[in-house]
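Once you've had a glance at the structure underneath, I'll fire off some questions.
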(Lines give C-alpha, C1' and ligand atoms only; values in the text may rest on other atoms or scores of the structure.)
Protein backbone atom coordinates (compact mmCIF):
# COMPACT_ATOMS: atom_id res chain seq x y z
CA UNK A 1 0.00 0.00 0.00
CA UNK A 2 1.37 3.37 -1.00
CA UNK A 3 1.44 5.62 2.05
CA UNK A 4 -0.51 8.85 1.74
CA UNK A 5 2.41 10.81 3.23
CA UNK A 6 5.59 9.34 1.68
CA UNK A 7 7.90 11.53 3.82
CA UNK A 8 6.27 10.53 7.10
CA UNK A 9 6.86 7.12 8.60
CA UNK A 10 5.41 5.76 11.82
CA UNK A 11 7.04 2.40 12.36
CA UNK A 12 8.03 -0.20 14.93
CA UNK A 13 11.27 -1.03 13.08
CA UNK A 14 14.57 0.71 13.64
CA UNK A 15 15.94 3.00 10.91
CA UNK A 16 19.37 3.34 9.34
CA UNK A 17 20.58 6.91 9.10
CA UNK A 18 22.82 6.40 6.05
CA UNK A 19 20.16 4.74 3.95
CA UNK A 20 17.40 7.15 5.00
CA UNK A 21 19.56 10.13 4.05
CA UNK A 22 20.50 8.46 0.75
CA UNK A 23 16.80 8.03 -0.04
CA UNK A 24 16.10 11.62 0.92
CA UNK A 25 18.85 12.99 -1.35
CA UNK A 26 18.06 10.73 -4.30
CA UNK A 27 17.61 12.67 -7.53
CA UNK A 28 18.76 16.01 -6.13
CA UNK A 29 22.10 17.33 -7.36
CA UNK A 30 21.65 20.80 -5.93
CA UNK A 31 21.68 19.81 -2.26
CA UNK A 32 24.58 21.29 -0.31
CA UNK A 33 23.40 20.65 3.23
CA UNK A 34 21.70 17.79 5.06
CA UNK A 35 20.85 18.29 8.71
CA UNK A 36 19.48 15.40 10.70
CA UNK A 37 18.23 14.94 14.22
CA UNK A 38 18.08 11.56 15.93
CA UNK A 39 16.28 11.30 19.25
CA UNK A 40 17.42 8.41 21.46
CA UNK A 41 16.29 6.83 24.73
CA UNK A 42 18.21 8.13 27.76
CA UNK A 43 18.82 5.76 30.66
CA UNK A 44 17.72 8.46 33.13
CA UNK A 45 14.83 10.90 33.31
CA UNK A 46 13.88 13.23 36.14
CA UNK A 47 16.58 11.65 38.28
CA UNK A 48 15.38 8.06 37.92
CA UNK A 49 16.75 5.15 35.96
CA UNK A 50 14.66 4.16 32.99
CA UNK A 51 14.83 0.56 31.78
CA UNK A 52 11.98 0.51 29.26
CA UNK A 53 10.36 3.30 27.29
CA UNK A 54 7.02 2.69 25.63
CA UNK A 55 5.66 4.90 22.89
CA UNK A 56 1.96 5.11 22.16
CA UNK A 57 0.46 7.18 19.34
CA UNK A 58 -2.83 8.11 17.73
CA UNK A 59 -2.86 6.35 14.34
CA UNK A 60 -4.18 8.56 11.57
CA UNK A 61 -3.85 11.80 13.45
CA UNK A 62 -0.09 11.35 13.95
CA UNK A 63 0.69 11.17 10.25
CA UNK A 64 -1.51 14.15 9.53
CA UNK A 65 0.04 16.23 12.33
CA UNK A 66 3.59 15.41 11.23
CA UNK A 67 2.86 16.17 7.57
CA UNK A 68 1.40 19.51 8.59
CA UNK A 69 4.58 20.40 10.51
CA UNK A 70 6.77 19.24 7.62
CA UNK A 71 4.88 21.35 5.07
CA UNK A 72 4.99 24.36 7.40
CA UNK A 73 8.80 24.02 7.44
CA UNK A 74 8.84 23.96 3.62
CA UNK A 75 6.77 27.14 3.59
CA UNK A 76 9.05 28.94 6.02
CA UNK A 77 12.41 27.99 4.49
CA UNK A 78 13.73 27.10 1.04
CA UNK A 79 14.19 23.35 1.34
CA UNK A 80 14.73 20.60 -1.21
CA UNK A 81 13.49 17.59 0.76
CA UNK A 82 12.63 16.43 4.26
CA UNK A 83 11.45 13.36 6.12
CA UNK A 84 10.22 12.37 9.53
CA UNK A 85 10.41 8.86 10.96
CA UNK A 86 8.97 8.20 14.40
CA UNK A 87 9.07 4.78 15.99
CA UNK A 88 6.40 3.34 18.28
CA UNK A 89 6.46 0.35 20.64
CA UNK A 90 8.88 -0.67 23.39
CA UNK A 91 12.44 0.63 23.62
CA UNK A 92 15.57 0.27 25.73
CA UNK A 93 18.11 2.96 26.62
CA UNK A 94 20.09 4.23 23.61
CA UNK A 95 17.52 2.95 21.09
CA UNK A 96 16.66 5.38 18.30
CA UNK A 97 13.16 6.91 18.57
CA UNK A 98 12.87 9.62 15.96
CA UNK A 99 14.62 10.91 12.86
CA UNK A 100 14.08 14.29 11.26
CA UNK A 101 16.22 15.00 8.20
CA UNK A 102 16.16 18.08 5.99
CA UNK A 103 18.11 18.76 2.79
CA UNK A 104 18.61 22.22 1.32
CA UNK A 105 20.96 24.15 -0.94
CA UNK A 106 22.36 26.24 1.92
CA UNK A 107 22.96 25.10 5.47
CA UNK A 108 21.07 27.74 7.42
CA UNK A 109 17.68 26.69 6.05
CA UNK A 110 18.25 23.03 6.89
CA UNK A 111 19.39 23.86 10.43
CA UNK A 112 16.40 26.05 11.19
CA UNK A 113 13.89 23.69 9.58
CA UNK A 114 15.13 20.58 11.42
CA UNK A 115 15.08 22.40 14.75
CA UNK A 116 11.62 23.81 14.01
CA UNK A 117 10.20 20.41 13.05
CA UNK A 118 11.50 18.83 16.26
CA UNK A 119 10.17 21.65 18.46
CA UNK A 120 6.75 21.39 16.85
CA UNK A 121 6.72 17.60 16.87
CA UNK A 122 7.37 17.66 20.63
CA UNK A 123 4.24 19.72 21.32
CA UNK A 124 1.91 18.92 18.41
CA UNK A 125 2.27 15.28 17.36
CA UNK A 126 0.13 12.79 19.32
CA UNK A 127 2.77 10.54 20.88
CA UNK A 128 2.98 9.62 24.55
CA UNK A 129 5.88 8.11 26.47
CA UNK A 130 5.61 5.71 29.38
CA UNK A 131 8.69 4.80 31.40
CA UNK A 132 9.46 1.69 33.40
CA UNK A 133 11.52 2.53 36.49
CA UNK A 134 13.48 0.32 38.94
CA UNK A 135 11.26 -2.32 40.53
CA UNK A 136 8.91 -2.34 37.58
CA UNK A 137 7.04 0.85 38.48
CA UNK A 138 5.73 2.70 35.43
CA UNK A 139 4.93 6.36 34.87
CA UNK A 140 3.69 8.45 31.99
CA UNK A 141 6.19 11.12 31.06
CA UNK A 142 4.98 14.65 31.84
CA UNK A 143 5.00 17.27 29.14
CA UNK A 144 7.70 19.90 29.71
CA UNK A 145 7.20 23.63 29.99
CA UNK A 146 10.54 23.99 28.19
CA UNK A 147 9.10 22.20 25.15
CA UNK A 148 6.18 24.61 25.00
CA UNK A 149 8.60 27.52 25.30
CA UNK A 150 10.78 26.06 22.55
CA UNK A 151 7.75 25.87 20.25
CA UNK A 152 6.70 29.42 21.01
CA UNK A 153 10.03 30.86 19.89
CA UNK A 154 9.05 29.98 16.32
CA UNK A 155 5.78 31.96 16.50
CA UNK A 156 5.49 34.26 13.52
CA UNK B 1 49.51 6.16 14.57
CA UNK B 2 47.09 7.49 17.16
CA UNK B 3 45.77 10.86 16.05
CA UNK B 4 46.38 13.72 18.44
CA UNK B 5 42.77 14.89 18.02
CA UNK B 6 40.62 11.72 18.01
CA UNK B 7 37.41 13.65 17.24
CA UNK B 8 38.85 15.43 14.22
CA UNK B 9 39.44 13.58 10.97
CA UNK B 10 40.86 15.01 7.76
CA UNK B 11 40.62 12.26 5.20
CA UNK B 12 40.39 11.47 1.51
CA UNK B 13 37.99 8.56 2.12
CA UNK B 14 34.21 8.87 2.24
CA UNK B 15 32.43 8.43 5.57
CA UNK B 16 29.37 6.46 6.62
CA UNK B 17 26.91 8.44 8.69
CA UNK B 18 25.45 5.48 10.59
CA UNK B 19 28.80 4.08 11.70
CA UNK B 20 30.26 7.50 12.57
CA UNK B 21 27.25 8.28 14.77
CA UNK B 22 27.46 4.83 16.37
CA UNK B 23 31.11 5.48 17.23
CA UNK B 24 30.25 8.91 18.59
CA UNK B 25 27.50 7.54 20.86
CA UNK B 26 29.47 4.52 22.06
CA UNK B 27 29.54 4.26 25.86
CA UNK B 28 27.03 7.04 26.49
CA UNK B 29 23.63 6.00 27.82
CA UNK B 30 22.51 9.53 28.69
CA UNK B 31 22.40 10.87 25.15
CA UNK B 32 18.92 11.95 24.05
CA UNK B 33 19.80 13.96 20.96
CA UNK B 34 22.22 13.60 18.06
CA UNK B 35 22.34 16.37 15.49
CA UNK B 36 24.45 15.94 12.41
CA UNK B 37 25.32 18.11 9.45
CA UNK B 38 26.54 16.69 6.15
CA UNK B 39 27.87 19.08 3.53
CA UNK B 40 27.66 17.83 -0.04
CA UNK B 41 28.87 18.99 -3.46
CA UNK B 42 26.24 20.91 -5.43
CA UNK B 43 26.24 20.63 -9.21
CA UNK B 44 25.88 24.41 -9.53
CA UNK B 45 27.55 27.38 -7.89
CA UNK B 46 27.17 31.07 -8.72
CA UNK B 47 25.02 30.10 -11.70
CA UNK B 48 27.54 27.77 -13.33
CA UNK B 49 27.66 24.00 -13.58
CA UNK B 50 30.34 22.39 -11.47
CA UNK B 51 31.73 19.03 -12.59
CA UNK B 52 34.68 18.65 -10.19
CA UNK B 53 35.33 20.18 -6.79
CA UNK B 54 38.85 20.05 -5.37
CA UNK B 55 39.56 20.63 -1.70
CA UNK B 56 42.97 21.79 -0.52
CA UNK B 57 43.89 22.25 3.12
CA UNK B 58 46.76 23.26 5.38
CA UNK B 59 47.89 20.07 7.14
CA UNK B 60 48.62 20.58 10.80
CA UNK B 61 46.80 23.88 11.09
CA UNK B 62 43.49 22.39 9.94
CA UNK B 63 43.32 19.84 12.74
CA UNK B 64 44.28 22.45 15.32
CA UNK B 65 41.71 24.96 14.04
CA UNK B 66 38.91 22.36 14.00
CA UNK B 67 39.74 21.10 17.50
CA UNK B 68 39.67 24.67 18.79
CA UNK B 69 36.18 25.18 17.30
CA UNK B 70 34.99 21.84 18.71
CA UNK B 71 36.22 22.64 22.23
CA UNK B 72 34.69 26.10 22.05
CA UNK B 73 31.33 24.43 21.33
CA UNK B 74 31.78 22.19 24.39
CA UNK B 75 32.45 25.27 26.51
CA UNK B 76 29.37 27.09 25.27
CA UNK B 77 26.86 24.23 25.55
CA UNK B 78 26.44 21.10 27.65
CA UNK B 79 27.42 18.38 25.19
CA UNK B 80 28.30 14.73 25.62
CA UNK B 81 30.35 14.13 22.48
CA UNK B 82 31.15 15.64 19.08
CA UNK B 83 33.17 14.92 15.99
CA UNK B 84 34.23 16.64 12.80
CA UNK B 85 35.22 14.84 9.60
CA UNK B 86 36.37 16.89 6.62
CA UNK B 87 37.38 15.28 3.37
CA UNK B 88 40.08 16.58 1.03
CA UNK B 89 40.88 15.74 -2.60
CA UNK B 90 38.72 15.63 -5.72
CA UNK B 91 34.94 15.34 -5.64
CA UNK B 92 31.93 15.08 -7.93
CA UNK B 93 28.46 16.56 -7.45
CA UNK B 94 26.56 14.99 -4.52
CA UNK B 95 29.71 13.62 -2.89
CA UNK B 96 29.92 14.10 0.86
CA UNK B 97 32.49 16.73 1.97
CA UNK B 98 32.06 17.31 5.68
CA UNK B 99 30.34 15.79 8.70
CA UNK B 100 29.74 17.53 12.00
CA UNK B 101 27.91 15.47 14.62
CA UNK B 102 27.06 16.47 18.17
CA UNK B 103 25.41 14.38 20.91
CA UNK B 104 23.83 15.86 24.02
CA UNK B 105 21.22 15.05 26.64
CA UNK B 106 18.77 17.66 25.35
CA UNK B 107 18.22 18.64 21.74
CA UNK B 108 18.67 22.39 21.92
CA UNK B 109 22.35 22.16 22.85
CA UNK B 110 23.13 19.76 20.01
CA UNK B 111 21.31 21.96 17.48
CA UNK B 112 23.12 25.12 18.49
CA UNK B 113 26.52 23.46 18.76
CA UNK B 114 26.34 21.79 15.35
CA UNK B 115 25.26 25.02 13.68
CA UNK B 116 27.98 26.96 15.53
CA UNK B 117 30.72 24.50 14.55
CA UNK B 118 29.71 24.68 10.87
CA UNK B 119 29.57 28.48 10.87
CA UNK B 120 33.01 28.70 12.47
CA UNK B 121 34.49 25.98 10.29
CA UNK B 122 33.39 27.92 7.20
CA UNK B 123 35.37 31.01 8.20
CA UNK B 124 38.18 29.67 10.39
CA UNK B 125 39.37 26.29 9.13
CA UNK B 126 42.03 26.43 6.39
CA UNK B 127 40.30 24.68 3.50
CA UNK B 128 39.99 26.04 -0.02
CA UNK B 129 37.67 24.91 -2.80
CA UNK B 130 38.49 24.95 -6.51
CA UNK B 131 35.77 24.25 -9.06
CA UNK B 132 36.00 22.85 -12.56
CA UNK B 133 33.40 24.44 -14.85
CA UNK B 134 32.15 23.50 -18.33
CA UNK B 135 34.97 23.34 -20.86
CA UNK B 136 37.50 22.55 -18.18
CA UNK B 137 37.90 26.09 -16.84
CA UNK B 138 38.77 26.19 -13.15
CA UNK B 139 38.15 28.82 -10.48
CA UNK B 140 38.87 29.16 -6.80
CA UNK B 141 35.65 29.59 -4.84
CA UNK B 142 35.30 33.06 -3.31
CA UNK B 143 34.61 33.40 0.38
CA UNK B 144 31.08 34.58 1.09
CA UNK B 145 30.06 37.64 3.04
CA UNK B 146 27.09 35.59 4.28
CA UNK B 147 29.48 33.12 5.92
CA UNK B 148 31.25 35.90 7.78
CA UNK B 149 27.87 37.24 8.90
CA UNK B 150 26.81 33.77 10.01
CA UNK B 151 29.93 33.49 12.16
CA UNK B 152 29.42 36.91 13.69
CA UNK B 153 25.98 36.03 15.00
CA UNK B 154 27.66 33.73 17.53
CA UNK B 155 29.86 36.52 18.93
CA UNK B 156 29.64 36.58 22.70
CA UNK C 1 -23.07 7.80 16.11
CA UNK C 2 -19.82 9.43 17.17
CA UNK C 3 -16.57 7.57 17.75
CA UNK C 4 -14.64 8.46 20.93
CA UNK C 5 -11.00 7.54 21.57
CA UNK C 6 -8.93 7.80 24.76
CA UNK C 7 -5.12 7.78 24.86
CA UNK C 8 -2.21 7.32 27.25
CA UNK C 9 -2.96 7.86 30.94
CA UNK C 10 -6.53 8.94 30.16
CA UNK C 11 -7.07 5.56 28.54
CA UNK C 12 -5.66 3.84 31.63
CA UNK C 13 -7.50 6.08 34.14
CA UNK C 14 -10.86 5.55 32.46
CA UNK C 15 -10.22 1.92 31.60
CA UNK C 16 -11.49 2.65 28.13
CA UNK C 17 -9.83 2.71 24.71
CA UNK C 18 -12.76 3.71 22.57
CA UNK C 19 -16.52 3.75 22.43
CA UNK C 20 -19.40 4.73 20.16
CA UNK C 21 -22.17 6.98 21.36
CA UNK C 22 -25.30 8.45 19.75
CA UNK C 23 -24.65 11.79 18.05
CA UNK C 24 -26.76 13.86 20.38
CA UNK C 25 -24.24 16.53 21.43
CA UNK C 26 -23.79 19.90 19.75
CA UNK C 27 -20.27 20.57 20.98
CA UNK C 28 -17.33 18.78 22.58
CA UNK C 29 -18.25 20.53 25.81
CA UNK C 30 -21.75 19.01 25.79
CA UNK C 31 -20.23 15.58 25.27
CA UNK C 32 -17.75 16.09 28.12
CA UNK C 33 -20.47 17.18 30.55
CA UNK C 34 -22.45 14.09 29.58
CA UNK C 35 -19.45 11.77 30.08
CA UNK C 36 -18.76 13.39 33.48
CA UNK C 37 -22.16 12.22 34.74
CA UNK C 38 -20.59 8.75 34.89
CA UNK C 39 -18.94 10.02 38.09
CA UNK C 40 -15.26 9.70 39.03
CA UNK C 41 -12.76 9.33 37.47
CA UNK C 42 -14.63 10.67 34.43
CA UNK C 43 -15.43 14.06 35.91
CA UNK C 44 -11.90 14.65 37.12
CA UNK C 45 -10.22 13.42 33.94
CA UNK C 46 -12.46 15.18 31.43
CA UNK C 47 -14.05 18.22 33.03
CA UNK C 48 -11.84 19.25 35.98
CA UNK C 49 -8.71 18.89 33.84
CA UNK C 50 -7.28 22.07 32.35
CA UNK C 51 -4.60 20.18 30.41
CA UNK C 52 -7.08 17.93 28.56
CA UNK C 53 -6.27 17.79 24.83
CA UNK C 54 -9.02 17.30 22.27
CA UNK C 55 -8.98 16.31 18.61
CA UNK C 56 -11.95 16.11 16.26
CA UNK C 57 -11.38 14.18 13.04
CA UNK C 58 -7.60 14.26 13.58
CA UNK C 59 -7.40 18.03 14.05
CA UNK C 60 -6.70 19.74 17.35
CA UNK C 61 -10.02 21.04 18.69
CA UNK C 62 -11.41 22.78 21.76
CA UNK C 63 -14.40 22.40 24.05
CA UNK C 64 -16.27 24.81 21.77
CA UNK C 65 -15.76 22.72 18.63
CA UNK C 66 -19.04 21.54 17.11
CA UNK C 67 -19.51 17.84 16.54
CA UNK C 68 -21.84 15.78 14.40
CA UNK C 69 -22.63 12.19 13.48
CA UNK C 70 -19.64 10.31 12.08
CA UNK C 71 -17.05 12.42 13.86
CA UNK C 72 -14.03 10.86 15.53
CA UNK C 73 -13.38 12.62 18.84
CA UNK C 74 -10.20 11.94 20.81
CA UNK C 75 -9.23 12.88 24.36
CA UNK C 76 -5.62 12.75 25.53
CA UNK C 77 -3.01 14.34 27.80
CA UNK C 78 -0.37 16.78 26.48
CA UNK C 79 1.87 14.97 24.01
CA UNK C 80 5.38 13.80 24.90
CA UNK C 81 6.89 12.20 21.80
CA UNK C 82 10.15 12.88 20.00
CA UNK D 1 65.57 29.96 9.09
CA UNK D 2 61.85 30.48 8.73
CA UNK D 3 59.53 28.21 6.80
CA UNK D 4 57.02 29.92 4.49
CA UNK D 5 53.94 28.22 2.97
CA UNK D 6 51.56 29.43 0.27
CA UNK D 7 48.08 27.99 -0.30
CA UNK D 8 45.28 27.91 -2.87
CA UNK D 9 45.26 30.71 -5.43
CA UNK D 10 48.22 32.43 -3.75
CA UNK D 11 50.23 29.27 -4.32
CA UNK D 12 49.20 29.26 -7.98
CA UNK D 13 49.69 33.01 -8.49
CA UNK D 14 53.17 32.96 -6.99
CA UNK D 15 54.11 29.59 -8.47
CA UNK D 16 55.47 28.63 -5.08
CA UNK D 17 54.35 26.06 -2.49
CA UNK D 18 56.93 26.70 0.20
CA UNK D 19 60.36 28.11 0.82
CA UNK D 20 62.89 28.62 3.59
CA UNK D 21 64.40 32.03 4.24
CA UNK D 22 66.87 33.37 6.78
CA UNK D 23 65.22 34.55 10.01
CA UNK D 24 66.05 38.24 9.58
CA UNK D 25 62.56 39.77 9.92
CA UNK D 26 61.10 41.07 13.16
CA UNK D 27 57.45 40.89 12.10
CA UNK D 28 55.25 39.37 9.41
CA UNK D 29 55.00 42.85 7.90
CA UNK D 30 58.79 43.09 7.50
CA UNK D 31 58.79 39.73 5.77
CA UNK D 32 55.97 40.76 3.43
CA UNK D 33 57.71 43.99 2.43
CA UNK D 34 60.84 42.01 1.71
CA UNK D 35 58.94 39.44 -0.41
CA UNK D 36 57.24 42.27 -2.33
CA UNK D 37 60.66 43.48 -3.59
CA UNK D 38 60.51 40.46 -5.90
CA UNK D 39 58.10 42.55 -7.97
CA UNK D 40 54.75 41.44 -9.37
CA UNK D 41 52.79 39.29 -8.64
CA UNK D 42 54.37 39.23 -5.16
CA UNK D 43 53.62 42.85 -4.34
CA UNK D 44 50.00 42.61 -5.43
CA UNK D 45 49.37 39.24 -3.77
CA UNK D 46 51.04 39.95 -0.43
CA UNK D 47 51.11 43.67 0.20
CA UNK D 48 48.33 45.24 -1.87
CA UNK D 49 45.89 42.56 -0.74
CA UNK D 50 43.56 43.45 2.09
CA UNK D 51 42.09 39.94 2.25
CA UNK D 52 45.45 38.21 2.78
CA UNK D 53 45.26 35.66 5.60
CA UNK D 54 48.29 34.91 7.74
CA UNK D 55 49.10 32.07 10.13
CA UNK D 56 52.18 31.74 12.31
CA UNK D 57 52.83 28.28 13.71
CA UNK D 58 49.27 27.18 12.84
CA UNK D 59 47.58 30.09 14.61
CA UNK D 60 45.87 32.95 12.84
CA UNK D 61 48.23 35.94 12.92
CA UNK D 62 48.41 39.49 11.58
CA UNK D 63 50.98 41.70 9.91
CA UNK D 64 52.06 42.87 13.37
CA UNK D 65 52.82 39.35 14.66
CA UNK D 66 56.48 38.91 15.62
CA UNK D 67 58.40 36.07 14.02
CA UNK D 68 61.60 34.25 14.88
CA UNK D 69 63.84 31.44 13.66
CA UNK D 70 62.03 28.12 13.34
CA UNK D 71 58.60 29.67 12.78
CA UNK D 72 56.21 28.32 10.15
CA UNK D 73 54.52 31.24 8.40
CA UNK D 74 51.64 30.65 6.01
CA UNK D 75 49.91 32.99 3.55
CA UNK D 76 46.53 32.17 2.07
CA UNK D 77 43.23 33.60 0.82
CA UNK D 78 40.04 33.60 2.94
CA UNK D 79 39.01 30.02 3.62
CA UNK D 80 36.14 28.32 1.77
CA UNK D 81 35.77 24.82 3.20
CA UNK D 82 32.76 23.03 4.63
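Order of writing sets the labels: A, B, C and D. Residues in every chain begin at 1.
By our rule, a contact is a pair of C-beta atoms (placed from the backbone, for glycine too) under 8 Å apart; a residue touches a chain by one contact, two chains touch by 3 or more.
Not measured: the values here are computed from a predicted model.
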Shortest chain-hopping distance from subunit A out to subunit D:
2
If a chain touches subunit B and subunit D alike, it appears here
none
Whole-Å gap between the CA centroids of subunit C and subunit D:
73
Could you give the separation in Å between the centres of subunit A and subunit C, each centre being the mean of its C-alpha atoms?
26
CA centroids of subunit B and subunit C: separation to the nearest Å works out as 49
Hey, what residues on subunit D touch two or more of the other chains?
82
Considering subunit B alone, which of its residues make contact with at least two other chains?
39, 118
All pairs of touching chains, please: list them by chain label.
A-B, A-C, B-D
Residues of subunit D defined as touching subunit B within the complex
5, 7-9, 51, 55, 58-60, 74, 76-82
Complex contact set, residues of subunit B against subunit A
16-19, 21, 25, 28-44, 93-94, 105, 107-108, 110-111, 114-115, 118, 150
In the complex, subunit A touches subunit C at residues 39, 55-58, 60-61, 64-65, 86, 97-98, 118, 121-130, 140-144
